[in-house]
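Both complexes below contain chain A, partnered by chain B and then by chain C.
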Partner chain A sequence: MSRMARLIDITRCTACRGCQVACKRWNQLEGEIGPFTGSYQSHSDLSPNRWTMIKFYEEKKQTGFEWHFRKTTCLHCGDAACVRVCPNGALVQMENGTIRRIEENCVGCGYCAKACPFDIPKVDHEAKKMRKCTFCYDRITNGLTPSCAKTCVPRAIVYGSWDDMAKLADERLAQAKGRYPKAQIYGKTELGGLGVIYVLPDSPANYGLPIDPKISFSLVFWKEVVQPAGKLLLGASLAVTAAAFIFSRRNAFKQKPSSKIEEGGGQGHE
Partner chain B sequence: MSNKKRIMRFSALVRVTHWMYAISFIVLAITGFMVTGSALDWLEPLFGGLVGAMVVHRIAAVFLMGAIVISLIVRPSEILSWLKESFTFTENDALFLLTFPYKFVGMKRELPPQGFYNGGEKINSLIQIVSGAVLIVSGLFMWLAPGITPMWVYPVHVTFMVIGSVGAIGHIYLAALNPLTNETARAMILGDISEEYMIENHRQWYEEVYLGKKKENNKSPA
Partner chain C sequence: MTNHWTDFKNTDVALICGSNAAENHPVSFAWLQQAREKRGAKIICVDPRFTRTAARADLYCPIRSGSNIAFWGGMFNYIFENEQYHKDYVLSYTNAASVIKEGYAFDENTGLFDSFNEEKRGYGKGNWDYEKDADGKVVKDLTLRHPRCVFQLMKKHYSRYTIDMVVQTTGAPPDKLVEVYKLYSSTGQVGKAGSILYAMGQTQYTSGSQNVRCMAMLQLLLGNMGLPGGGVNALRGHSNVQGSTDMALLFHLLPGYMPAPTTEWPTLADYNATTPAAPSYWSNRPKFVASLLKAWYGDAATPQNQFAYDFLPKAKKGKNYSHISMFEDLHANTGIKGLFVWGQNPVVSGPSAGLESKAMENLDWLVCLDPFENETSTFWKRPGANAKKINTEVFLLPVTTFLEKEGTLTHSGRLIQYRWKAVDGPGNVRQESYIIDRLVKRVKSLYAASTKPQDLPIKSMTWNYPDPLVSQANFIDAVMREINGKDLATGKQVPSFAALKDDGSTNCGNWIYSGMYTEELGNRTKSRVLDDPGGWGAHPGWGFSWPANRRIIYNRASADPSGKPWSKERAYIWWDEAAQKWTGYDVPDFIGTVKPTDPLGDKPFIMQTEREGRLFAIKGLNDGPFPEHYEPVESPTLNVLNKRQNNPAAFLGKEGGKVKGDSEKFPIICSTWRVCEQFHTGAYSRNMPWLAELMPSSFVEISEELAAEKGIKNGEVVELVSARGTARAVAMVTPRARVFKLHGKNVHQVGLTWHFGYQGLVKGEIANHLTPHVGDANTAIPEYKAFLVDIRRVTV
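Entry: the complex of A and B
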């Protein structure tokens, strides 16, 4: 299976939140009633039981009031920080681009939540498991469309191969340029190409997205330098002391008796 | 036969807190390695999986910090004099390090007179003091305030875990397995060493105790 992706066209989204409901229904996630957020936004953030939601971005421009709605979800990065940081191999990248969580390996340590540049993984501290969007792995590997894309009325969420979605993004961008001159594509080049390609009416910063998401230097240093070097050092120190132990036993009997050997170890030897 | 005179080296408090620290350290190193590496993953069932290992890691951390707190409360002067000694590095300590490779493989060499702690023991103390302090502070942040702990704290914790563990491996070998030095294992269990060992390995300390020589006198007697 080639790499798959979702196109999420913010210029078309109407904030009907059908995707939010469809995700809950397919994945059998219980509804959660949260406190009033101060806007039409349903909840303040994702949760272990809420893998996608529409975030509301209000903007006052010279042309008037603008209201944008961004579907937040796991972006299934090409180069995923969560996969790098996971200490127990609980996050893996599948051939179709899905960042998949292995239930039995996940211990809910929350390192992924810390490393994710998009703040997506949420830890269920009681179950000691992280939960996030699965890209409807069960559906897409059986020839179905992710439930959010299937339910989307204005075709703001489209599912297909990554290459097709990249092409479609260009078309949608051309269509949107008339109304949104600053419209741009997000996700084609970021972090090895994201599994979600956004068409945004304006700068990503206006929609809570980092402009140039990076895997932090600390994470790369930790995983690519500290851990391999540390394992090497620990192994080497065990090997050196083991060798020294054997030499020291042999040498001890050749020496003139020390206080220790005289007490018991050296009888029968010179 | 050797002189049977025994000299008290480590007080009961030092011995108890040393082993409290040592056992927690080993448990912490093993459970910590399960998270960062994979070579010890086969031990996970012993702790109730990785989830259980992380609980054990935190419990052991409390005991490790407890060892420090108890020793500081019960005998602050003893701990402070160890700290002071560890941070005082003399010429003889440096000369000791030149003979250390021979000692390490069990070849006996004449030692420059050493104080209560020899140059190697001081370096081991410094490794454990520094790595212990960094590990405790970074670990407390990771445990109690993961939300505000910056990412770089994690590689720092792992780095000093490696430094501390390499030091501990060397320390365990020298104290328990090396035939020239393993008498100190008895000192850390029962508290005493033979007078002969004291003269051979800690001549300056011996002279301070029995000949009333000043600590500042680093030159070996004729």
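Entry: the complex of A and C
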């Protein structure tokens, strides 16, 4: 299976939030009735039981008032910080681009949450497990569309191969430019290409996205430098350390097999 | 809808006014955005507040609640002044050229049309008719210059609706208003089509019917009726509201939009005497009524006994049986002893909910059918009620949800589709059709031995369906066959309503659905053929669209009088000279072999006697032949367009007129509305954790200016007060709500969701405690959308 992606076209989203419900339904996540926040947005952020949500942005611009809705979810980065920092091999990158969590390996340490430039992983401290969007791995490896894309009425969320979604993003951008001259694409080049490609009406900063997301070296330093170095002999030369760094980086991208994986999906289709 | 959901993809300009389509009809936006993507269509949103629809529109223009007719009237004036109307269409297909009787008049100083009776609050209507020549033919002036021709009368009537006047009355920003007029009236060009999408933001006013009239008139002026991408499109508020009105779950109708009998028409002959004259297609009505009575009373309905017309209950002449009246009667304790409530939750949804829930205390018994224990079945323990003093016996029959039953739904596009059960309901829940079957059988058995003549209607009513307990599918099948109708001599299903007879030889449960179930084509509501000849999205093999499987009604008007499509771009229905018949991508809404050159061959509006679209409503609506702006019953401003403040014929009921808030005490305009995440009274959705999570509270949207004035912070609890009651809600302070400048005065508008009540997982105070018990002059639909309140902080 080649790398897959979701296109999320904010200029088409009507914030019906069908995706939020479809995600909870497919993954059988509990409803979390909170207090009213004074906004259409139900909660301030994702939670271990809420893997996607629409965030609402009211924008007073010189050209007029605008109201936009961004679906927040794991972006399944090409170069995923969470995978790089996870000390237990609980996060792996699959061939289809899914950043997959291995239930039995996860101890809920929260390194991934700290490292994620998009603040996506949420730790269930009681269960000592991190939870996040699975890219409906069980669905997509069985020929189905992710549940959010499946339910999206205005076709703001589209699922397909990464290359097709990148192309579709160009088409959508051309259409969106008429109404939003500052419209832009986000996710094609960021962090090795994201598994979610956004069409945004304006700068990513307006919608809570870092303009140039980076992986903090200090966070990956332990796993990618110190740990491999420790496994070699103490006092080894700097050159060996550098080599280890390169190896470990490569390894981080390779799929790690696991006997038991979350949400019961098979690997047969890989 | 004259058109249908998929047809939105064919539009050039969509005008969404009085609807929050993106939120409450999300599917509409799948097609509208396709129109934008593939045709470069523009989407206009006109709404008091900046909604999620406004967010996705190309052009947004705010107008305050209750100023729709000023907005539409201004558009008429703009179209006349700039000659943007589709001249050939207007001349050939509307009554623009017809001359109206001399006595017709409108006086802006009184705000009244001619022949008004103040006491009866009604019009004589006698002059609202065509002038006829010695042969009884309508006098016409094809030059459109006669001062009494409809075109000139209309032009004159709306000449007062200048941009400035409309801006002062609606509070719209002038530049945006003109932009809307300009963009939408561009669809008057040949080859272009504009679609109007509306919902309760047009209907729920004392002038609601006239608001809808405006849209029909506008589409006639621009030549947008009968075309793909055009039409007047009501987005119904529930998945099967279309079906329920088709089947006449309304006090004034029989199935298929025939009037309900009244004491004025004691015999079938009297009833039939009210049939519209030929060549209106309605002149076939006696066939539909006779066939309906044959379906209901079987062999007991004979030509000799007027097909048992006597068995039908007759409404008392002049008595209004609408929701408002029924609850006022109940409140006055004038005789209603018991109430069945099916698929409704009036304690939350009814206007002046305080009055209505109090009224229910007078009931001896109440039967509620609902999947959940909602506010109506628990009205006796509502906040503030003294349960000890309420003697009503309440029965709650748990019923299946839409996923747990089988049957049909008819959506706004008049498309009836069969739906199969997805899962069984829990426990002992039943499908409503089972309950009604057992209820009817029980009632019939109680009367079986009676010899009293007044019990004959119950004894004679046919009820020969298979037992739904054995097979729900077979029960529904039999009902659907009866609705389609059959030839009683051959026993064969009728192919369409054209085969129905007035001599008792056919039966038919609802003429408009005739043709949906025949031996040859089977149950067409189950058909799922995706073919789309022409690519217009008509999909004639998918389900069945009444009437006669037409996807767009009046589609003869998509061709010019000679039978050629108005433009190549929009070829939909045309006259095929070689085959000598009408053809195209839909079922022609015309007699198939009547040539364009034949008499009436160039008249597409077949339901009218003159076969023309009525810019001037002959014999009018109750409140005039042309829509005229009046203020809602409660308004913070004076009517400046004429000197009459409120709709002179508005339905005030007995109680409604008594509790009127004045603008000194209640200076803020308030409206009620829905959100995507909750459904209707919330009886379903507030019990659904995933939905309750999304919208956990009732809230009121208020502008930053009003919040500053009142010292209200976002997220604080506030209390709204009207002349009827109070409702608390959480304040949502947002630039999406606004201040309107009306005749030089700043007026605030707020609005709140009405989905909440005291039952369910998430609760909130009932918004309808605020709303008035007054209604539209023609339908008595309550004025939920514009009334006055004040707002104050609550110190908890």
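What we mean here is this: the second predicted complex is superposed on the first by the 231 of 270 C-alpha atoms of A that agree within 3 Å, B and C clash if a C-alpha of one lies under 4 Å from a C-alpha of the other, contacts with A are read in each partner's own complex, and residues count from 1 in each chain.
Just so it is clear, a contact is a pair of C-beta atoms (placed from the backbone, for glycine too) under 8 Å apart; a residue touches a chain by one contact, two chains touch by 3 or more.
This structure is a prediction, so every number in the text was calculated from the model and none was measured.
**Student:** Tell me the contact category for A:Lys60 with respect to chain B and chain C: first, second, both or neither.
**Tutor:** second
**Student:** Does chain B (first) or chain C (second) touch A:Pro35, or do both, or does neither?
**Tutor:** Only chain C is touched by A:Pro35; chain B is not.
**Student:** Looking at the overlay, does A:Lys177 come into contact with chain B only (first), chain C only (second), both, or neither?
**Tutor:** neither
**Student:** For A:Arg155, select first, second, both or neither according to whether it touches chain B, chain C, the two together, or no partner.
**Tutor:** second
**Student:** Figure out whether A:Val21 sits in contact with chain B (first) or chain C (second), or with both, or with neither.
**Tutor:** Only chain C; A:Val21 stays clear of chain B.
**Student:** Applying the touch criterion given at the start, work out whether A:Gly108 contacts chain B, chain C, both or neither, answering first, second, both or neither.
**Tutor:** first
**Student:** For A:Ser218, select first, second, both or neither according to whether it touches chain B, chain C, the two together, or no partner.
**Tutor:** First partner only, chain B.
**Student:** In the overlaid three-chain picture, which partner chain does A:His125 touch, first (chain B) or second (chain C), both, or neither?
**Tutor:** Neither partner.
**Student:** Quick check: in the complex, which residue numbers of chain C touch chain A?
**Tutor:** Spelled out, the residues of chain C in touch with chain A are 22-23, 26-27, 29-30, 33, 36-37, 50, 52-56, 58, 675-677, 688-697, 699, 714-715, 730-736, 761-762.
**Student:** Of all residues in chain A, which touch chain B in the complex?
**Tutor:** Per the touch definition, chain A meets chain B at residues 87-88, 107-111, 114-115, 128, 216, 218-219, 221-222, 226-227, 229-231, 233-234, 237-238, 241, 244-245, 247-252, 255-256, 258-263, 265.
**Student:** Contact residues on chain A for chain C in the complex?
**Tutor:** Residues of chain A touching chain C: 12, 14-18, 20-21, 24-25, 30-40, 42, 58, 60, 65-69, 153-155, 175, 179.
**Student:** Write out the stretch or stretches of chain B touching chain A in their complex.
**Tutor:** On the chain B side, the touching residues are 1-2, 35-37, 39, 49-51, 54, 104-108, 146, 149-152, 154-155, 158-159, 161-162, 165-166, 169-170, 172-173, 177-180, 182-183, 194, 196-197, 200.
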